[in-house]
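Labels for the chains are A, B, C, D and E, by order of writing; each one numbers its residues from 1.
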Amino acid sequence: MVIGKVIGNLWATRKDEKLHGLKLLVVQHTDLQEQLKSSYVVAVDAVGAGVGDLVMVTTGSSARQSELTAGKPVDAVISGIIDRIDVGQ
Amino acid sequence: MVIGKVIGNLWATRKDEKLHGLKLLVVQHTDLQEQLKSSYVVAVDAVGAGVGDLVMVTTGSSARQSELTAGKPVDAVISGIIDRIDVGQ
Amino acid sequence: MVIGKVIGNLWATRKDEKLHGLKLLVVQHTDLQEQLKSSYVVAVDAVGAGVGDLVMVTTGSSARQSELTAGKPVDAVISGIIDRIDVGQ
Amino acid sequence: MVIGKVIGNLWATRKDEKLHGLKLLVVQHTDLQEQLKSSYVVAVDAVGAGVGDLVMVTTGSSARQSELTAGKPVDAVISGIIDRIDVGQ
Amino acid sequence: MVIGKVIGNLWATRKDEKLHGLKLLVVQHTDLQEQLKSSYVVAVDAVGAGVGDLVMVTTGSSARQSELTAGKPVDAVISGIIDRIDVGQ
């Protein structure tokens, strides 16, 4: 899984019908010091995340293993809101 | 999912038979300020997108979860036309 | 899918038995101006492509959705020979 | 599979319910001289790894082939603790 | 598939039980002139490859399509030993 910060929302009225009702969030990747990197991903929210949260994103076919995303054209899902990262010096 | 702008069409007369009837679009990736990046992807259109649209592209096995692409050799599908991206400052 | 130019052949006598009989081609990626990039991929030919052809390559599990590659250890298949790319200026 | 060093732990109270009970470790990628690279991945521990261990990480759908991770939104699993890498000069 | 040179072995006593009995090789990626690149992958050997061999590596879920790797946490398998690459000038 990758780590990122939720920085915004994305709206798409015309979309695959299986995506209706899913919340789409823009997640900017962060490094281990929680600094924003230039890359980002659009992910479905499965845990009630919001702007400003540091989150864990599951990608690929594994993104369809949450109850919310099963069988849907989703390749990235927010699978956890991070409380703490402890990387020793 | 990734974000990009539809910049053109692609034609292939000789192709895998499962691809017949699918519209192939060239999508150039964009950054969060909607500026074009150098990378791109060829994606099947599942939502009626056209040149100039800002779109959301689902990749990998998840690209086969739309009705149009199920069971086909497709690794990228346009799954939504983006109305608005709201990334706070 | 990605775009590339077929630049050669690859032979492997000792290989997974499921790969026997498949034609392996070396495809060098191209940018949108059809200029060769430094990256490349070895892909199974599913459409009768040959050296010099501009092709579309499907990767990942979707590469196993052609009749020729189903159930085989193939992660890239040539799924179309490109006639024309029309990316407007 | 990729090689990395376990450098820390990650806690997420709010997460996909299928992730409950799994240990999440931060693994920083290493090069062939076991030097840390800047990239990293969050992986589920399936082998009892701890901080400081050099490990092998399996990614993508294959990360769901361990008993611990089957059917869960996990795209990276620590599948082995490395005793020795022997790359001849 | 990607091309690389087998440069060594990797041992892991503690590993996912499904990996027992599989030979793990370190494969360094090569460019089209067979020069070593800095990137590498750890792959399961399915064809009897050894140090010094130029090989073809299948990645992702397709790496589980060989008899040896089916249902196992393996995301890269050596699927062929390359005899010759013929990329015309």
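In the analysis below, contacts are C-beta pairs under 8 Å (C-beta built on N, C-alpha and C of every residue); 3 or more make two chains touch, one makes a residue touch a chain.
Worth saying up front: this structure is predicted, and the values here are computed from it rather than measured.
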Going by the touch criterion stated earlier, list every chain that contacts subunit D and also contacts subunit E. none
Whole-Å distance, subunit B centre to subunit D centre, using C-alpha means? 31
Distance between the CA centroids of subunit B and subunit C (whole Å) is 19
Give the residues of subunit B that touch two or more other chains, as numbers and ranges in rising order. 60-61, 63
Beginning with subunit D and continuing through subunit E, what order do the ring chains follow? D, E, C, B, A
Would you tell me which residues of subunit D are touching subunit A in their complex? 7-16, 18-19, 24, 26, 28, 38, 40-43, 51, 60-61, 63-64, 71-76
List of subunit C residues in touch with subunit B within their complex: 1-3, 31-32, 46-48, 56, 58-63, 65-66, 77, 79-88
